[in-house]
Structures are given as structure tokens and as C-alpha cells.
Amino acid sequence: MASAFQKHQFTILVSASQIVFLILFGLFGKYDANVLPGGSEDDVYTARLYPMFQDTHVMIFIGFGFLMTFLKRYGFSAISINLLLAVFTIEWGIIVQGFLSHGFAETGKFTIGLEELLTADFTAAIILITMGAMLGKLSPTQFVVMAFIETAVALFVEHHVIHTFHVNDVGDSMVVHAFGAYFGLACSKAFATKAQREHENEGSIYHSDIYAEIGSIFLWVFWPSFNAAAASPADARQRAIVNTFLSLCACTITTFIFSQAVDKHKKFDMVHIANSTLAGGVAIGSIANVVLEPLHAMLMGVAAGALSVVGFKYITPMLSSKFGCHDTCGVNNLHGMPGVFAGLMSAVFVVAYDPALYGKSLNEIYPAMKSETNLNGITAGGQAVNQLIGLGLVLVGSIVSGMVTGFILKMKAFNQVRDKEFYADGDYFETPADYDFNTRIVSRIDRVEINEHTQLTQKEV
Amino acid sequence: MASAFQKHQFTILVSASQIVFLILFGLFGKYDANVLPGGSEDDVYTARLYPMFQDTHVMIFIGFGFLMTFLKRYGFSAISINLLLAVFTIEWGIIVQGFLSHGFAETGKFTIGLEELLTADFTAAIILITMGAMLGKLSPTQFVVMAFIETAVALFVEHHVIHTFHVNDVGDSMVVHAFGAYFGLACSKAFATKAQREHENEGSIYHSDIYAEIGSIFLWVFWPSFNAAAASPADARQRAIVNTFLSLCACTITTFIFSQAVDKHKKFDMVHIANSTLAGGVAIGSIANVVLEPLHAMLMGVAAGALSVVGFKYITPMLSSKFGCHDTCGVNNLHGMPGVFAGLMSAVFVVAYDPALYGKSLNEIYPAMKSETNLNGITAGGQAVNQLIGLGLVLVGSIVSGMVTGFILKMKAFNQVRDKEFYADGDYFETPADYDFNTRIVSRIDRVEINEHTQLTQKEV
Amino acid sequence: MASAFQKHQFTILVSASQIVFLILFGLFGKYDANVLPGGSEDDVYTARLYPMFQDTHVMIFIGFGFLMTFLKRYGFSAISINLLLAVFTIEWGIIVQGFLSHGFAETGKFTIGLEELLTADFTAAIILITMGAMLGKLSPTQFVVMAFIETAVALFVEHHVIHTFHVNDVGDSMVVHAFGAYFGLACSKAFATKAQREHENEGSIYHSDIYAEIGSIFLWVFWPSFNAAAASPADARQRAIVNTFLSLCACTITTFIFSQAVDKHKKFDMVHIANSTLAGGVAIGSIANVVLEPLHAMLMGVAAGALSVVGFKYITPMLSSKFGCHDTCGVNNLHGMPGVFAGLMSAVFVVAYDPALYGKSLNEIYPAMKSETNLNGITAGGQAVNQLIGLGLVLVGSIVSGMVTGFILKMKAFNQVRDKEFYADGDYFETPADYDFNTRIVSRIDRVEINEHTQLTQKEV
């Protein structure tokens, strides 16, 4: 019985969850009035939102997917499991978000429109970040179970951070980036074995590092859309774009400086180029609609780039060896620490800038703060405390739920990845004949004796 | 004489057609008033249309181009011939569409503006789908001749489907996807030889499967734009986006379930991941502006995913062995069957939903249907019949013209691909020195004896 | 002392410049009113500009970055140095542009908003084009020094071309494409050694040619945005899109015809497919807002495609052997000659079309020309002369400053690339174990003896 379940568990669990999702969509889901006949006649709404949605969409599927192809023997999985988890989370995230929504409480139905799809994409990012920490260590079934649990917990925590504590986290640095990273690190503890670390499969080949850059650069280019898509009003949206852009630029230059500086051969490391250059997008995320000075945005980027490279060089190895938290993609350096930094600075910036500077838009940024239209609101200091409470909730929530999830996934009922097949596609994907040569054997070849050197292509002319 | 023509036929035919096109553009083409001075002062028009146009543009050139790079020895051709056929079809399609246009009948001139470019991109998709079926089996000259014939026939059929029978096919599932696929399958019959099937070149290598995913994911991400670009009014456009998005998600999960289920080793197959996940975009295409319930959109996706994987596993091999229709990319499973399914369901949905639900926008969706402003219109039943007639026209038109084209292309006057060079770049592209090793020899290596294993890169430090 | 500087010069120079930039941003930079609270409430502005900005952004980082990965051993550098130079130039370009701005002269501060970021991306293109000519021949430090000098000179020249001579160069064919190309060619003279030419590293492998296509096609697809982003009013913007689109199509077909025609084996060359197909975007650049007839746009494309392929085949080798101007990417053929051609034709089109055709928008295209609202303006002939003066300034400015920069970069104080490591990543990037095999050794293998052929992947089932 257990054996039959183990053989078919992916089919059983994913089919069952898909059927349940469809039933829930059928019973409780309906389209937003904008999307129904007689709804929106407003072309500007779509014209404004849709391009930012599409940029984010590219980040989720191309960006995260290709960024994780850097492992030499795990390219099929990286792209495919990224796709699977993203759509699974989008469906499940729409449902959970729907159940938590105001509309559902009132009418017993949740609505679906363009904004809900965008939010679902953001939710997918949480799970894909966690996937980065667990990359190569879970079977597809385990990844789906992880996504199921994490989505529910993350959205519950996010709901309270945003709606109970009125935290400003416009680019989701806390509720998406930090949550995803620390859930993943906590989850990885349960899988802390020697086999995972120093595994011969854990490394890149020349082409896989280049694939990864496709993902990295699309993330880099579209990050301003990620941070700005939910910002409002129009000036805050533009500000989020510009702040993110400047932070990323400063972060990228800093990454190059530090990458060379920490390397014993004074060479650049593609891991830093692909990952740390993005940390500036995370660091500015919580305050992309707040920062009013170009210099401040750039300084956030400088700090993020430095923090991230130092993290890759010194902290990731230590987390793995000392704390048993093995982090395949180094999400702590791209999403974790920069996310925490964003959260801390979001508290600093509440008090550093005079709230009056935001004029009438103050409550669109900080809904709970005292203003002409919200006379009972809290002070800047109170908002700063709320920002820190939000960060605390995210950290506690992600770490606790991540550890619990790790122990669940470790249960023998679930298919586990075999030790020698960590970070490899072979057990779960049909692979072509050159798979072993190009992803394993090639790394050991340093010399080929050639008796007769004639280029075939020219011979055939 | 014949020999000189054969040697230079690409130059002769393509130059001649290009000169004719330029003359036709010069004689009959003029810019749309929007594009001329004093024209559009409306920024919203461009802001709404242009991003969807660009998404579609990416699908045509990156999406289709890279999706077809999956063959190990045919990457240069896939990308380049995709580019060549797309621009050839865009030029020729603008002319044919122009000659069929209302404006040309009235003024003797056809106009060119942003919408004509978008339509031309859709036309290119027809030819690129057919290219998928014939991938690796035609010389560049033959492909161009094919595009020349098919564009004219397809646009003629489309014109009557849309303007004579007033069919709703907003995402072009019938007139683009089904037409392209069945033209290709019919065309392939003329080339049904044993050499083509079970050819040693017909397969992927590890990296080519990853390239193909670049194309696949960009198609997946931007498909909502493809289905929505031509929808109207604003709510129908948003609805087309949301329906396509949900259909794709449900289709993707279903693809993973079925891909593993039908595999003897219970592994996922990258062919399914790259192709079947997209079938949901085709299936919802004809009704993306019609469906009013999230669940219905998702069920379309579920059906499409299942249909597509089953098609790859059982139908494609059978079509090839029993009917002589060899389908290199499996376009029947991604475009053909899902397109027919879309057509059939487009008839079902006309009668399943009450036309009153669409309110004033009814005639923007179904121009011929009876409404307050079109008292002599047809009933829902009549529209459903029209939808089926449209589907019938597409199938008959594509199959007949495809078979005829196949026989024309088989004529000895045209350069034919040599048997051993099926699915290979070598005869038509200059290839680098590693071409044979990396695309042929590597697949046969399973063991390398290494006497002395020292990493060159470290030795040189 | 010199030795310590040489070892750490990248760290020292880049850190120092970054600190200076931050100080300058802090002292003189402030956000545009649109980006500040109470600023823009106009969603249409962002909806119109932002998608075109993002398309351009993709061109700079994905487009240029991947186009330059065609060299077999230089993929890490191509992408990474492209990224580094782009962000360095964006920061420095914003500062230089700011100092040259009207606002700075008046208030002592320069402003930063969405348009400044777009302009900074255009500036980055100049430097990346030059990088193409110098690809593989400079160390990272040298590249940064080059970007520092070139940005300042290019923006100074551009300022006078646009503001002193009121040249119409809407798609920047002169001030970006021609400047970048001829600066690069002039700079390359200083490095004219035999070692650089006919170097065994200077070539592609099968996969690197395919990577390069990712960049090429994204450039191709988004080029209409590049040429249209700065155009105004709305009809001119749409016209720039449509003209660029048609020019690219005609250019692409012409490229295929010529690529085969000039090849001794009558095969297509991927270098032409990747580069010459884009020349139509450059050629139409200066007049994308001017051309009023579809045929004229297409003829520009035809000429550009032909010119570019002929350039690759005959002119690039001659420039290298006869004039000592080695041009790694062939930027003369993609950016240089088509840019000059654009400049010349921009003078022709001023007089070829009647200025009255542009109606009220005349002065948005040619600000200095005589019109109802600018009675003291210059004639069409005068504008044509100005266009030629602009082109002359660009050519003289780029060639002189490029030559000077070449001599500076050749100074022994700067790290120089070792002869045997031209066009290779190894000296500046950490590379994986398969680097040498897949980028060097593989090209020499033409035969593998296989004693026992068993596919590993199937053995393990």
C-alpha cells in the first residue's frame, strides 16, 4: 500500500489538490466587475497595470526559472519545477487570498481580476525563493507539499502584517523576500546531511552559468516593475520605479567591486554577478515608494551589494557547516539579508523623513498614520514600531513554519531524493543521451589526444 | 539551366518576391491616418495596444524561434528560418490582407498602421506553426515557397470565416492555430519517407531542450496578450487576459500530471513541459472574450493539457506510422487538436451562456447576433452553427491547400533536403568546428578514460 | 607601488569613481517633480513611456549583453562587462547629462525622472557599441576607463548636435550608433597587433552562436521602441514604430539574400543573421519620425541589410588588415555604416519631403525650421546642412576622442590583456571545470573511438 502510494504519490496528490482547487474556484470564485460585461470601460487602467504585470510575470517564469538553472545537472528540474510550483501557488494563492479577503467575508465569494493575478504572481515568488534554498534536495512531490503549506502560512502572515499592522512593504521585501528565504533556510535544516554538502553535482558548467544569466538579467531589468506595480498614487509608482532603478545600479557596481575584492585570485565570480547584483532591488523594496532622494536609493543599493557578496563568501558556507542550513542558491544573500535590511530601513525612513513631505498621499503609503483625513492615526514613531513588528512577524512566522515543514517533508511517506542524485535531473526527468557526458564527465576531461586533426565540417564541403 | 536555377534558386526566388513586394507596397500601400501628421493625438491608444503588440512580437520571434531549437543539430535553422519566414509572411501578409480590405476595395489603396502590424504578426504565427510540422524537412527555398502559398490561402479562408460567417475567434485558435497545424500535417504527407522517421538527428541534447524552454516560457507568459490584443471593449480585453491566464495555469498542472502518468519510468518529459503546457492558451483562444466563469476557463485548460500529452504520446507516432503525417514539433498536440477543441467549444459556449449576459458588448463579440441595435441578427443557435462552419472551413481549407502545397514542394525543381541531412543545419548554415562533436558524437560517448585528472583552470593560476 | 596599483586598480578606480558619483548625486541630484509627492497624477504618461523604456532596458542588458556572447571563450565577460559598463555609464551619464542640462544652469541642481533614466539607457548603448569593437581586447579596468572618457565626450558632442545644430536624430543613429562605432574603431587602432587578429579564441562554438541570437532577436523585436521612445507628438511616435518595423523586415530579408550570395558555399552565416538583420533599425533611426511612405522605410532597410553584409564580408577584414582597426563584433557593419547612412539620408529626407506635410508638428521634429510659429526659422536646405554638420561632428568627435582614448588605455599603468588570453574569460572570471574542454579542446575533436556503446542514462533505469 505504502509502496503504491510512493510510486504514484505525485499523481495522487497533485490530481487531488487540482480537483479540490477547481471545486473551490467553482463554488467561491467569480470574476471581478471590471472583467465582466459592462465593467471597466477604462483603457488607462489596463494600460497602466498590464505592462507591469507582464514584467512581473516574466520575472516569475523566466527570471526565477533560469536563475536556478546554474546547477550543471539540474537544468530541466530548475525550469520545470519552477513552472509547476509557480502555477500551483498561483491557483492556491488566489484561493487563500480570496478566503482572507474582505469581499469573501461579506458575500461568501472572492473575486478574480487583473490585480488578483498580479498578487498571485507575488505569492509565487515566495515559494520560488524557498525553492532556491531547497534546490536539488526535494522530489517534485515534496516541493508541491512545501508550496501547499508555505502559501497558506505566508499569506496568513502577510495578511496580518499588511492589514493588522498597516506595514508599508510596497515591493514585498519582507513578506515575500525575507519570508521565502527564511522559510527555506529553516526547512533546509531537516535535510542537513553531509551528502548534500560538498556534493559533486553541486556546481555549474560553463553553459549553465550563462543560462542562469538569462534569468538574472530579466529579474534585474524588470525589478522596477515588481516594486512599483502595487504602488499608488501615480507619483509614488514612478518613484518606486526610479528608486529601484538607482538602487540596482549602485548595487551592481558594488557587487563587482566586492566580488573581485573577496576572491583570492582577484577574479569575478559569476554567482555574485548573477545574484548579488539583484540585492539592491530587494533592499529598496519596502521603501521604494518612500525614498525622496536619489542618493538614499543608491546608498541602499551599495549596502545591499556589499552585504550580499559578503554573505555568499562567508555566511552561506558557515550557515551550512555550523547551523546545518544548506542554501543551494544562496537565497539568504539575495533575498534574506537584503529583505531584513529593507525591513529595518523601512522603520528608519518613517522617522527620518517628515511625514508632511508626502502631502495628501501619506495615507496611501502609510494607511494608519495620522493625517488631515485620519485624525486618530498613529505617529511616525508608532509606524516605525509597526514596521519592526511586521519584520518580526515575518521572521518568526517563516522560521517556525519552515522548520515544521522541513520535518513533514522528511517523513518517509514522501519520495526522497537519493543521496547520489542530489542536484540532478535524472531521477525525475527523461534526459537525452548526452546528459551524463555534458554534465558530469566533461568536468573531468582536461586533455584529449588528437591523432589527426581535420575539421569534419570542412571535410564535407 | 535547371542546375543554375537550383544553385541560385533561393537568391532568385526571394529577391524576385522581395522586389514584387516592394513594388506592391509602393503602388498600393499608404500609412494609416493615425500614423500620419495631424493623426492620432491619443496616447491611450498606443499605451493600450503597443505593449500587447510587443508581447505578441516577442512570441513570434523569440517564442516560436526558440521553441523550435529543441532539435540537437538544427538550432541555427530553427531560429533563422523562423525569423526569415516571419518577416517574409509579415510583408506578404500585409499585402494580402490589404487587398482583401474594405479600404482597398473603396480607394485602391490599403493602409498600414499599428493594427496591421499586429495582424501581420498573427499571420506569421500560422506559417511558423506549419514550419513546426515540417521542421528539418524542407530547404530554405521550400519553406519560403510554402509561406508564400499558405499566407494567401490562410488569409483568404480567415477573411471568409470572420467576415462572411461572423465567427468569434478572438485568439485565433481556429484561423491561426488549427489552420497552421493541419496545413502542416497535410503538407508533411508528401514527404512521408522512412528516412524522415526514426532519423538519428531527430532528438534533443541537454542544452537544446533548455534553449527550447526559453521559447516555451515566453510563449506561456505572453499568451494572454496574444488572445486579448484584438478583443474589445475594455472589459472583454481584460476578460481575455484573465481567462487565458487561468486556462494556462490549469493546463500546466494537468500537463505535469499526465506527463508522468503516461511515462513508463514515471518521469517527466521535456517535450510535454515545453509544448503541452501551452495548449491551454490555444484551447481558450476562441472564447477568451466569452467565458464569464473562472472555473470554465480552468476546465478548458485541464482538457487541453490532457489532450495534448495524450496526443504526443499516442497520436503523433500513429499519425506518422499509419497516415504518413510526420509532425516534427508535434504541432497537432499544441495547436491542432487544441484549436479544434477551441472551435467546438466556441459553438457550445454561444448556446451555454445567455447572450443577454454580454449586454451592450454582444455585437462586439458576435457581430451578427440579434441585439437591440441589430434587430435582424441571428440567434445563438445560428451563431453556434456559424462557429462550426468556420471550423469546418478552416479544416477543409488547410488540409486541401496543405496537401497541394506538399506536392508542389516535392517537385524536383526545388532544392530538397538530403536524407542524411534531415533535421540538420550543415547543408544550409556555416557551422563552427564543434558542431559535429556537440550535436552528434557526444550522444555516443558514455565513458571517458582519464589517466591524469588535473583541472586546467586551476593549473594555470 | 605601481605593482600594488596594478593588482588593485579595478577596486581602486571603480570604488573611487563610485564614491565621487555618489557625492555628485548627493550634492546636485534631485528627483523630478513628477516623481515627488503631489507630482504627476497622470497615469497616461507612465502608461505611454514606461513600456517603451522597459523595451529599451531589455535591449541594453539582454540585447547587447547576449549579442556579444558569440565568442566561444568570452561569454562570462560579454554578459558581465556589458552589465558593468551599462550601469557605470548610466550613473555617470545621468551626472554629465545633468551638468549639461538647462535646469542645472538655472538652479544648480539636475533632476532625475523616468525620462532621464531612458536617456541614460541610450547613453549606455553608445558605450556598449564601442565595447563591441573592443570585445575581448581590454581588461575590465580599461573598459571602465574607456566608458568614463567616452560618456563625457559623447554627451558633449550629442548636446551640441541636438541643441546647437537642432539636428533631428530621433532614434540616435548618429549620436549613439555612429559615435559608438567610430569611437570603437579609432580606439582599436592603438591595439592593432598581430596577436589580436587571427587569434584562435576569436570564433564561436555552436552554443555561443545560439546565445548570441537571444540578444539579437530581443534587439530586433524591441528596436521600434528604441526609435520611438523619444518621438513626439503621438502620431510621430506611432510613425517611428511602424517605420522601424518595416525597415527591419526589409533589412532581414535582404540580409538572408546577401548572406547566401556572398558565401562561397552558398550557406547562411550566423554572424550576418545576428547582426545585419538589425542594421535596418539603425538606418531608419534618424528619420523614423520623418518618413511618410511605407516604401521609403522598406528601401532604407534593404540598403542597410545589403551594406551590412557586404561590410562583414569585405570591409571588416580590410579595416583590420589595412588600417589596423580590428572590430571584434563588426560594429562598423551594424552601427557604423548604417548610422552614417542614416545621417546622410536624414539630410536627403528634409528636402525630399515638403515641410508642410508635417503640419503643426513640424517644429517637434525640426525645432529650428521655419513655420507659422517659428517665423525666423531656417529653410529645409538649411536643416539639411545642419543634419550633415551633425553627422560630421559625430564622426570627427568620435574618431579623435577614440584615438586618444586608445592611446591612454594602452598605457602600461593599466592592466592589459595577455596575448594568449585575448577573447577569453579565464584571466578575469572564475570558470568551471569544463571551461577549457567546451571552449577550446572541443573544436579540435573530430573523431571519438567508442569501444562499447551503452547509454548511461538507460543503463541506470
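Read from first to last, the chains carry the letters A, B and C; within each, the first residue is number 1.
We adopt the following convention: contacts are C-beta pairs under 8 Å (C-beta built on N, C-alpha and C of every residue); 3 or more make two chains touch, one makes a residue touch a chain.
Everything numeric here is computed off the predicted structure, so don't read it as measured data.
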item	value
Angle, in degrees to the nearest 5, of the Cα rotation that carries chain B onto chain C	120
Same or different contact residues where chain C meets its copy chain A, judged by the half mark	different
Cα-centroid distance, chain A relative to chain C, in whole angstrom	32
Where chain A touches two or more other chains at once, by residue number	44, 47-48, 51, 207, 214, 265, 431-433, 435-436, 444-447, 455-456
Complex interface listing, chain A residues touching chain B	7, 10-11, 14-15, 18, 22, 25-26, 29-31, 34-48, 50-51, 54, 57-58, 61-62, 65-66, 69, 75-76, 79-80, 83-84, 87-88, 90-91, 112-114, 117, 140, 207, 211, 214, 265, 427-439, 441, 444-447, 455-457, 460
Residues on chain A engaged by chain C in the complex (per definition of touch)	44, 47-48, 51-52, 55, 72, 203-207, 209-210, 213-214, 217-218, 220-222, 225, 233-239, 241-242, 245-246, 248-250, 252-254, 256-257, 260-261, 263, 265-270, 273, 277, 292-295, 298-299, 302, 357-361, 426, 431-433, 435-436, 442-448, 450, 452-456, 459, 461
